[in-house]
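What follows is a set of notes on a single structure, which appears directly below.
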Amino acid sequence: MTALFYIAAAVAVLATVLVITRSNLVHALLYLVVSLFAVAVVFFTLGAPFVAALEVIVYAGAIMMLFVFAVMLLNVSADSPLRVPTSAWIGPLVLVAVLLAELIYGIGLSDHALRAVEVGPQQVGDALFGPYVLGVELASMLLLAALIGARHIASQPESPAIEDPRLSGEEPDAPADAEGAT
Amino acid sequence: MILLWYILIPAVAAPLAWLLSLSRPQAARWVAVAGTSLPLALVTWQWVAQAGALRAAFAAHGPGVAGLVQGTWLADIHAAWISPLGISFFLAEDGLTLIMLVLTFAMGLLAVLASWRGIQERVGFFHFMILWTTAALAGVFLSLDLFLFYFFFEMMLIPMYFVIALWGHEKRVYAAIKFFIFTQASGLLMLIAILALYFIHGRATGTYTFDFTQLLGTQMPSATAFLLMLGFFAAFAVKLPAFPLHTWLPDAHTEAPTAGSVILAGVLIKIGAYGMIRFMVPLFPQAVYDFRTVGMVLAVIGIIYGAVMAYAQRDLKRLVAYTSVSHMGFVLLGIFAWNTLALQGVVLQIVCHALSTGALFILVGTLQDRVHTRDMTKMGGLWAVAPRMGGTAMFFALASLGLPGLGNFVAEFLILVGTWQVSKWAAVLGAVGLVFATVYALWMMQRAFQGEETHALRFNDLVPRETGMYAALIAALVVLGFYPQPLIATVRQTVTSVQQITAGSPLSPKPTSAVQVGIPADRAPAAAAVADGTTTDGGR
Amino acid sequence: MTGGDLITLLPLIVLTASPVVVMLAAAFWRSHALALTLTLVGLTATIVSLFIAAGRTSRQVTPLLSFDAYALFYIGLLTAATAGVAILSWNYLQRRHVHPEEYYMLLLTATLGGAVLVASTHFASFFLGLEILSVSLYALIVYPIYRTQFVEAAVKYLVLAGSTSAFLVFGMALVYAETGTMTVSGLAPLLRAGLGGADVVVVLGVVLLLVGVGFKLAVVPFHMWTPDVYQGAPAPVGAYVATVSKGAVFALLLRYFRPVSLDPGSSLFLVFAAVAIASMVAGNLLALRQDNVKRILAYSSIAHLGYLLVAFLATGERAAIAVTFYLVAYFATTLAAFGVVAALSPPERDAESLSDYRGLARRRRWTATAFTIALFSLAGMPLTMGFIGKFYLVTAGAGSALWALIIVLVLTSTVGLYYYTRVVVAMWVRQPDEGAEAMGAAVDGASGAVLAALTAFLIVFGVYPAPLIHLIERAVSSLL
Amino acid sequence: MAAVSLDHGLILAAILFVIGFVGLLTRRNLIVVLACIEIMLNAAGLAFVVAGARWGRADGQVMFLFVLAMAAAEVAVGLALAIRFRQSLGRLDVDDADEMKG
Amino acid sequence: MLQLLWIIPALPAAGFVVLALLNRHLGRRAAAVIGAGSVGLSAVVALLVAVSFIASPPPGDVYRQVLWTWFDTGGLAPQIAFYLDAMSVIFVVVITFVGFLIHLYSTEFMERDEGYTRFFMYMNLFVASMLVLVLADNLLLLYLGWEGVGLCSYLLISFWQRDLQNVYAGRKAFIVTRIGDTALIIGLFLLFTQLHTLAIQPLMAGAAKEWPVGSGFAVAAAALLLGGAVGKSAQLPLQTWLPDAMAGPTPVSALIHAATMVTAGVYLIARTNVLFTLAPDVRLAVAIVGTVTLLYACFCALAQHDIKRVLAYSTMSQIGYMFLALGVAGWSAAIFHFMTHAFFKALLFLAAGAVIESLGGEHDIFKMGGLRRKLPTAFWAFIVGAASLAAMPLVTSGFYSKDLIIETSLGSVDGNAWLWLGALVGSLLTSIYAFRLVFVVFFGDQQTPVTRRPRWRMLLPLWVLSALSLIGGFVWLPEWMGSFHPLENFLGEALPPLKTVASSFAYTGVSALLTSLVAVVGVALATVWLVESRAALGDFAARPTPHALQEFWLNGWGFDWLYEHVFVIPVKWFARVARNDLVEPAFSGLAWLNVQAWRALSASQNGVLRVYIAVAGVGLVVILAFVVLR
């Protein structure tokens, strides 16, 4: 299991790096799916099969579907390669390297082994509908809010008060102006 | 209860003036006249009625009566306000307050009268602001709860800000914001000092209160006391204004409309002096003593620098504004001298400066209304055009240079002679300031009124309303110049009691011997004078 | 969970039911007036239910939520503010001809999030409340949709909120990993030492957690979004972001940290102090010459949160009262200010440029007066609650001898005078530009009533704050 | 089961988290930016699961579920916004959204 | 009768008030009646009071009248009270009487000027102030009168205020004298602080009791009072204002800058003689100041072209004599000279005024000439005045008083030969310039036509004053002429007697002879130079050295230049530099810094989302670093 953890971890890291470096949007999203699968494996190795399953179903399944759906809807492959020039990576990389160093420094100071107990769906379910029952209700309200919001945003306004030229002149196939398609 | 009226009448009149003006603009003026003259009449009545009480209080306890400590007010109000913080609605009145109130309402009334023709825009709102200022000023002078004091202290900024910003001259917005920021910044420093005092006192005694009478005599390390004193000093020195914190004043006074200048110069800047006498020195006598040299140096610089700057100006109003800096230097000097002579002089100076400078501002205002400029290089020879105005200007210029026979002289003399007993050099330099005062006063007369009239300016001389105002001011100054005793007697109790409070500190050295020296010196001639006075009175 | 707990939960239940009711009603009958009415009914019912809940002795409902007096007070405050926003939105939405029903639903869900936050005693409710609030706000910010500005603001808010939430969750995870607890009471011992004795990983966790909080509060260095979102969002939503969103999070912060007193030498204390100073300085300086009124309000809110942090760092009950009183004052003031902006905004755009306000006093005397009073309250001038509030803050700071912070507060708030008075000057002194469209359509009755009420509130409690203070005293006493 | 050290789990989460953060700082495509937020949230959730594993309790996983819900909500609204964004600005470049400044 | 004392100053004061209030509504005639009448009445009352005082002296030869207590605080309780003793009697009578004559003269002299009422208003105020000054019971009241006369001096010098030159001269007079006044008031501080009163008599008694001779306090107090006296009496080094003060109308010069105000310093020193007795060094300084000034002024007078400036310098010089007398403790002698000087100098000025008025405002003596036939009264009045000024022996009042001073300067225990020599030389020079004036103005060829002749209101004062100038000296004859000195006896009641060196040379007839001789020689020299060999004098004066010397004297030895450069120009420079307030940059700089900070911060809000995230990230990293590493 330990070995599996490290392998899955390596895959996850690699896939995630690829997510942020790929210029092709669809590729990136697919690498993200890979990454999420790898994390699911990690969950499994950590003794959390329930969330591992959820990771696959919800994250990789539902959420990524949404992404792909959006990509299709927007036909965004044309403007997918929007990326900053390589030189602009230096600053963020330095910043993040320091951040990571700080995090690892902090985490590395503690030394605890994980308990090798599996916390199965049963326990999670008990917790969810025990002390966390209100949390579940609230999560439902969260989703409701997201539902209302997303529906409102995505729906076409029926009678916009002001005709916004950019809005009325919708141009799904407008050629990407700046950085061109690859 | 009467004290509440002093605040309430103008405070109620203020919205009334505004609301009434919505239908009839002229109504605001009359409401404002009522809103200031009513309390003026009330306070004058109280002054007359209580003169006996004041004298009795003084005589009963003799010199050095601690009226403040013993709670022998003319009147007071003590009500709960924000009790969770130990804040009470504590108003009280003694002789000094009485004088300041008279001044406040008189200047308020004067401001209203002086704007009769000059203000034609948003009349109701203007009088709303003037009355509001008056109410806040009355509150400032009546409060003995430090928070309440700060509350009113800040409250009057807003209407004053509006008065300058809305009805002022060319650079009014700049001047208003400058005034606002200076006063606010320094006021907040005072707030910090007040709070520190509050906590120090609360920790020591377990009573958290802003009641000034209870906070008196709070024990604290001298370094702390010094810092707190500086907090108070910052606020009051800006208000006063003392060099080098004076730079808001020339701008504010110059750009304000006449009424604003009158209230600013007449009452508002006097809060600095009042606050120092009432609060700063009694609270921190030792710290004030430690600061005395610096304070006096600032005062002397203020006197001379203000005078020279007045001389340097081309703008007539700015010139008058700088004279305030100079005159307030005397006030600061007197406060740091902290003896009976100097303090009586300070109070007298407060009143006389209000009258003379107020009149000068009105005069400049009327002149500006007619000539449409304040630039003295565009004036000259106006005496020939408006001799009455010229004569009036001459009178007030003379008052401002401290001519004997007018109240300002008595005030400055008392201050300087009191200062001399503390610091000879400060007194000498202060006296030198009088020479500079002569320079600017005469220079102003020369540039504006004397010489050949070359700019073909033609305008009306003073109208009766104006003549009446000036006549009242002139009469007041002359009376104060020859017989300031009523005023001196009124504040005598305050002056002695604040000194008594500081008696233990080096600020009032050798309390016992001071009394010993004081009694014969104070009593004997006084008795003789009273005796002589009665005989001559009878004789004539 | 017992039946009794349901009574305790009543405010939350009512608040949860309200958007559902609005939604169901809208499904049958799309009507702006109905939606608003139902919203107001829901909010009123929530407030009423607060009194019912207040009768309960057992206040803790599951480890997640505690409906103590503190929570109830804040729920009341948030609800009342929401009602104000809702009424102010009426005319704003009317003029813009957009479907308004969802707006009220989202407003209600957002308020639910805020209510959860102020009652939260557990990371789970903290996180969920925050997210309900955020997610509702994304949609609210972009709500009228038709202008790029709305989208831009929403995208900025979403991306930043999402990423800072990630920091928040990561921080929570680290804390949990090290301590094994996620409740306030469990964390108190750790925080009491200002994390002095805790493992570095907990410190890391708390700091990361504070990123999320800092973002919501818009304190330096997490403040950058504020002006853009305030400017981009519709004015009523701006009011909401400034008040309910920030107030709820600050109340939560107070709940988490109030039972403990940060040791003035501890790292966490110093971090807060630095953030407070930076916020006060940057907020006030950024607004200095700003010409957009909404951005001025945004920058000033950064500064105000800095002021609040000063009192937050102070110890004792007085500090909690100070924070709460200030928040109440800030709520009323900000609502009034944004309310004026909203009321004056024509359909095409919001009345946000300083030049829109030139000569307002001549056209709309009372509106200008209300705005002026609000601005003076923000500046902390007497006769307004802002004065008492700021005084309270400084008192709290002085009580804990936070002299450096107080002096910064004092000096920077002096700078603040400059930009507040710029707006005042624009309204009262300046003349409108030649040819500029006269901004300032007639203020509708509803907005006018809200503005009048807020102004009266500001002045009444600015002159006689004692009753409010007593109420707040009772509320915060449950924290200690 | 063999024990994985807590540190390593958390470090993995941290690494994934910062990678997401790098993406946030460097990518301009709104969709990718949203994906990066997902990465970060996922990493945070991972950290929770790791933490839960340390204590052997279900709390970590419960929290992960909430994070999951939140991520879903976020993405739903985010993608809807992305559609609007594209409509308003013609592209998906977040750098285009700099109309408001100063 | 003595109870009427307060009426004396009150009358002109009332005149002032009435004129001020009714200013615009009064005709010229009414103004003249009120103006001159109030002073005339005052003079009558003064005479009555004086007669009463002499006839039935009050107890202690002092009458004190308290009107009311000015104020009373902190042990300082000055009263509005009048103090009449022999010295004040003389001053009061001279002031009111000469004052009235000059008022009368002015009613005609000023009749064609605008501001006629204003003129009398100021004049009345002046007389009132001057009377307060000399009657004051305490130093503060004295100071009130002191400043009052200074003010009137300013107002009257700049009376013709359309011409800024006049205004400038008035301003200069006020400011320069106020410098002296400042010393005086500081002296008041000192005296009050040390002796706890300002009433003159208790003060003097206290000083005599508490301070030994030569004590530091006494020296300081006396020196400060001297400062005041020097300013008011135009003695070195504060003499520069007096010549310029001639810009005022001539009656003003006669009243204020010759007869009365400028002698206030003499009065003050005589009044506080106790202090000066306690401070011998200061008294010597008084004598030296007097001597130096009298010589200085003589030289200046020799070189002047302006008739009034000659007279101004002569005034300065004569007051120098008085100071000399005071310096050697000849208190009474000084008062005597004050009296005679008031007569003859007023006479000279009024005569000069008549000349000037007749010539249409011409001041330059070299444009006059040959007027003795055209203006006989003025001529004779001038001759009398000049003779008195030059101390022509026996027939003029000036002779008796000046001779007394010259005697005293040697004969007093405090006198010495140098002072005596200076006084003698001064006397010689005085008669030279006095008669130079006479010869240039009234002899030779007429240069400017006479346009107007004085009428009775101008002539009457000339006659009266001429008479007084001739006979005024007989109230105190020198020893060798007999023992008739009622004035000395009278003043002896108020002033301490002179201590003389026994059997001094000074008190022999030889000394008087010398004095007379000097005066006559002076006249002779003037005659020779100006009448007999005027051309030669002209040639001599054209040579470089004498020319330069003449210029030097003409300009008052360059004092104006010196003061201009040492005091005025630096202050003006500073005022110009500091016009916008030197402190202001500190505050505006602060504002500027704030704006710069705003600019910088504002630029960071560039609207780019990734920057916002980066800022948050950097902030987080910094905070983490702090927290982790601490």
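Before moving on, here are some points about what is shown:
Note that the chains take the letters A, B, C, D and E in the order they are written out, and that residue 1 is the start of every chain.
As a convention for this text, a contact is a pair of C-beta atoms (placed from the backbone, for glycine too) under 8 Å apart; a residue touches a chain by one contact, two chains touch by 3 or more.
Computed from a prediction, not measured in an experiment: that's the story for all the values here.
Chains touching both chain B and chain D: C, E.
Fewest steps needed to get from chain B to chain E, stepping only to touching chains, is 1. Every chain gets a centre from its CA atoms, and the centre nearest the mean of all protein CA atoms is that of B. Mean C-alpha position of chain A lies 70 Å from that of chain B. Per-chain CA centroids place chain A at a distance of 5 Å from chain D. Computed centre separation for the pair chain B/chain C is 44 angstrom, with centres defined by C-alpha atoms. Note: centroid distance chain D to chain E, computed from Cα atoms, is 96 Å. Residues of chain C in contact with at least two other chains: 124, 128, 131, 135, 138-139, 142, 145, 148, 154-156, 159, 163, 167, 174, 200-201, 203-204, 227-228, 290, 418.
Counting only residues that touch two or more partner chains, chain D has 6, 10, 14, 17, 20-21, 24-26, 28, 34, 36, 45, 50, 52, 54-55, 57, 59-60, 62, 66, 70, 73-74, 77, 81, 84, 88-89, 94, 97-102. Shown for chain E are the residues in touch with two or more other chains, namely 602, 605, 607, 609-610, 613-614, 617-618, 620, 624, 628.
Here the touching chains pair up as A-C, A-D, A-E, B-C, B-E, C-D, C-E, D-E. Those residues of chain C lying in contact with chain A across their complex are 1, 9, 16, 19-20, 23, 61-65, 95-99, 102, 105-106, 109-110, 112-113, 116, 124-125, 128-129, 131-132, 135-136, 138-140, 142-148, 154, 174, 178, 199-201, 203-204, 347-348.
Residues of chain E that touch chain B in their complex: 3, 20, 23-24, 65-77, 79-81, 140, 143-144, 146-148, 151, 154-155, 158, 161-164, 167-168, 170-171, 174-175, 178-179, 182, 185-186, 188-190, 192-193, 196-197, 571, 574-576, 578-579, 581, 583-584, 586-587.
Within the complex, the chain E residues that touch chain C are 594-595, 597-598, 601-602, 604-605, 607, 609, 611-613, 615-616, 618-620, 623-624, 626-628, 630. Across the complex, chain D meets chain C through its residues 6, 10, 13-14, 17, 20-21, 24, 30, 33-34, 36-37, 40-41, 43-45, 47-48, 50-52, 54-55, 57, 59-60, 62-63, 66-67, 70, 73-74, 77-78, 81, 84-85, 88-89, 94, 97-102.
On chain C, the positions that touch chain E within their shared complex are 155-156, 159-160, 163-164, 167, 195, 200, 203-204, 207-208, 211, 215, 220-222, 224-225, 227-228, 267-268, 270-271, 274, 282, 285-286, 288-290, 415, 418.
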